[in-house]
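All chains are identified by letter, namely A, B, C and D, in their written order; residue positions are counted from 1 within each chain.
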Amino acid sequence: MNSDVPLKAVALVTTLKRSPEASSADKLAHDLGAEFEKHNVELEYVRLVDHVIKPGVEIDMKNGDEWPKIRTKIMESDILIVATPTWVGQMSSELLRAIERLDAELSKTDGEGRYQTYPKVAAVAIVGNEDGAHKITADVLQALNDVGFTWAANAATYWNGEAMHTTDYIDLHEVPEKVALANKMVAANTAHLARLLKSSNYPPVK
Amino acid sequence: MNSDVPLKAVALVTTLKRSPEASSADKLAHDLGAEFEKHNVELEYVRLVDHVIKPGVEIDMKNGDEWPKIRTKIMESDILIVATPTWVGQMSSELLRAIERLDAELSKTDGEGRYQTYPKVAAVAIVGNEDGAHKITADVLQALNDVGFTWAANAATYWNGEAMHTTDYIDLHEVPEKVALANKMVAANTAHLARLLKSSNYPPVK
Amino acid sequence: MNSDVPLKAVALVTTLKRSPEASSADKLAHDLGAEFEKHNVELEYVRLVDHVIKPGVEIDMKNGDEWPKIRTKIMESDILIVATPTWVGQMSSELLRAIERLDAELSKTDGEGRYQTYPKVAAVAIVGNEDGAHKITADVLQALNDVGFTWAANAATYWNGEAMHTTDYIDLHEVPEKVALANKMVAANTAHLARLLKSSNYPPVK
Amino acid sequence: MNSDVPLKAVALVTTLKRSPEASSADKLAHDLGAEFEKHNVELEYVRLVDHVIKPGVEIDMKNGDEWPKIRTKIMESDILIVATPTWVGQMSSELLRAIERLDAELSKTDGEGRYQTYPKVAAVAIVGNEDGAHKITADVLQALNDVGFTWAANAATYWNGEAMHTTDYIDLHEVPEKVALANKMVAANTAHLARLLKSSNYPPVK
């Protein structure tokens, strides 16, 4: 594997807070993104809540819908990172809306019957003051796999505090050692797999 | 139990389609609602996507946020019904946004330490052209229970078609017999429990 | 509500560890049980892994199956408590096996068309060295609701440590304040609702 | 990619029914397996319920535990297929027990810090007379990814009937066209990715 082949990644930051408000999901996205950069991956961050993303399951919902331009960024990338906060044990509604919009990919294929999301690899970053990361990982893995994304081994990084506590990731004095290690593994594995697939896409659907 | 005591219910219809577009979730909400009416429950339907509901976890996010008026309807009701479509196996982002807004209830209690959602009973209705209802039921039960709602036995009604098919509930010629029976059970049990709790709220938190 | 009416509860402790090995799930079950006793609820604890519970979805799988005697305890109780550890973000396989066995209740009704699980109320207690409690709550609420159990407001208590940590509940020096409060709420609400329903079961299914 | 490189796959069939009883999960596993064979993948099927698999999270729980020999089959394979029925909307307890046993892999690494499950690719097959497949996919993707397995794009195949119906996959007269197509995609993508990773494992964890 030639790690000199440059890759592009887009990180959808799905906090409920508009820029420039500080966000734990945004912080973890950037902590993870810094690891990706070490693997020659160029990052772009998009905070969804700063954009008008219409509800629906079409590629373009019109009337000022900004999803098409975000979709273009995804299509031009090799890697999709989604970063989400945890509320009531669930992913954010901003992320779920993006997933709904990606449902439209199921009706778009390339000239050989493959989804246009092939062979992109995805990774997920989750923060919460408490519990929810494994479940959100499950939902995100299933939903994005369903619309055509691939998952490298150990594709999730996360942080949450002890049960029923209220500390935020952004308030920690440093990145916890285990989160730092998870970030390294997610980035190394995801970049490796994205390079492999970029050089050899899935076969046509006959 | 005196079934002459009138109850109020509000149904949040969380389709992604704006009025007056036809919606399967809206249809099932009304089919279920008709059963509630037989138990002397007065229904009001709110299609969330027709309203401006700001992302966030506060009771009022300001700047034109219409959640506070919807919250008032919930607080004035004995029963909360949520009706959702299924996309990529998940509840709708409209419903998830409402759940995020209900997170704010965790910081509001009555004079005796109980959440203001006490002793309201909830019910859920789910449609999809395919698979997802049990999982969405799980997520909705957990999230609404977490913010203080009670669940009667068999509190969910749903319909979906065979795996990977595309028929919508709204296209069926009649309500399937098993869905009709589920609607009856959900309404009978939920109304019964709401009356019991209305006459005897949970004890104060000491 | 006359809290002098005595109630019975059975707690299914679904640790993977056989007696007498120490178990965090068993500890939390007893911490929660102690709160139920304050509400005049008589508790019995059953550690499932100590019994032969055959895989299957019938009430009696024969060949030494001990589920029927555990089922009898459930049927003689007003309240069902399930206590589970968290492994890989999931409930224990011991609990899932019990849920599968409860699927059999869907084919058993009383003389008036109600499941024999009516009007029992359930509660759930979850421990893990890390993340998973909200999701397990969701799965347990859905599964037990599906087979006829009712859920009081705030029916779950749980504890887990910070992300990717390894401390067990049983190693804590004392019950964390927030867990103690959750235990109180679960017990108070569940006992209250079980008394209400014991005095007034759901209506017959017509 | 040289599809002449032979691969090995083991399929864990996690029905609750012992051999030789007919099983829908077993049928779908074989339907999917037949597609894998077209990609030069040698299949072995293991029906877990026919074996003594002790509850626990160690590699060997002793006392007649047959998991170690099943684990050896997994370790000697390039691909892990899990096939499960759907009960009460959940995966089978047999599958969950296997997942718990795989938790032990988190404490085993190769000489360069990688889990011994690297670079194996997994696939999932789900049947139910009704609803649950997307959710079970989510739980399986998350759990197996957590212990080191990789997921190709569109890694799940499934079948379930219309809501609240009772038809089994094994009773269908033929494999539904959409299931047949899903089987083809799962096999083609998973085999492709397993060959890529077999030729170039994830980098060492530094």
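Note that in this section contacts are C-beta pairs under 8 Å (C-beta built on N, C-alpha and C of every residue); 3 or more make two chains touch, one makes a residue touch a chain.
Since this is a predicted model, take the numbers as computed values, not measurements.
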{"item": "Shortest chain-hopping distance from chain B out to chain D", "value": "1"}
{"item": "Of A-D and A-C, whichever chain pair has more C-beta contact pairs", "value": "A-D"}
{"item": "Chain at maximum distance from chain B, centres defined as averaged CA atoms", "value": "D"}
{"item": "Classification of the chain B:chain C interface as same or different, half of numbers criterion", "value": "same"}
{"item": "Cα-superposition angle relating the copies chain B and chain A, to nearest 5°", "value": "180"}
{"item": "Distance from the mean Cα position of chain B to that of chain A, given in whole angstrom", "value": "30"}
{"item": "Distance between chain centroids, defined by C-alpha means - chain A, chain D (Å)", "value": "25"}
{"item": "Distance from the mean Cα position of chain C to that of chain A, given in whole angstrom", "value": "36"}
{"item": "Two or more partner chains touched - positions in chain B", "value": "88-90, 134-135, 137-139, 142-143, 146"}
{"item": "Chain contact topology (line, ring, star, complete or other)", "value": "complete"}
{"item": "Chain C contact footprint on chain B (complex, rising order)", "value": "1, 115, 117-119, 134-135, 137-139, 141-143, 145-146, 148-156, 181, 184-185, 188-189, 192-193, 196-197, 200, 202-203, 205-206"}
{"item": "Touch list for chain C against partner chain D, complex", "value": "16-17, 49, 55-57, 87-94, 96-97, 99-100, 102-103, 139, 142-143, 146-147"}
{"item": "Residues of chain B defined as touching chain D within the complex", "value": "88-90, 131-135, 137-138, 158-165, 176, 178-179, 182"}
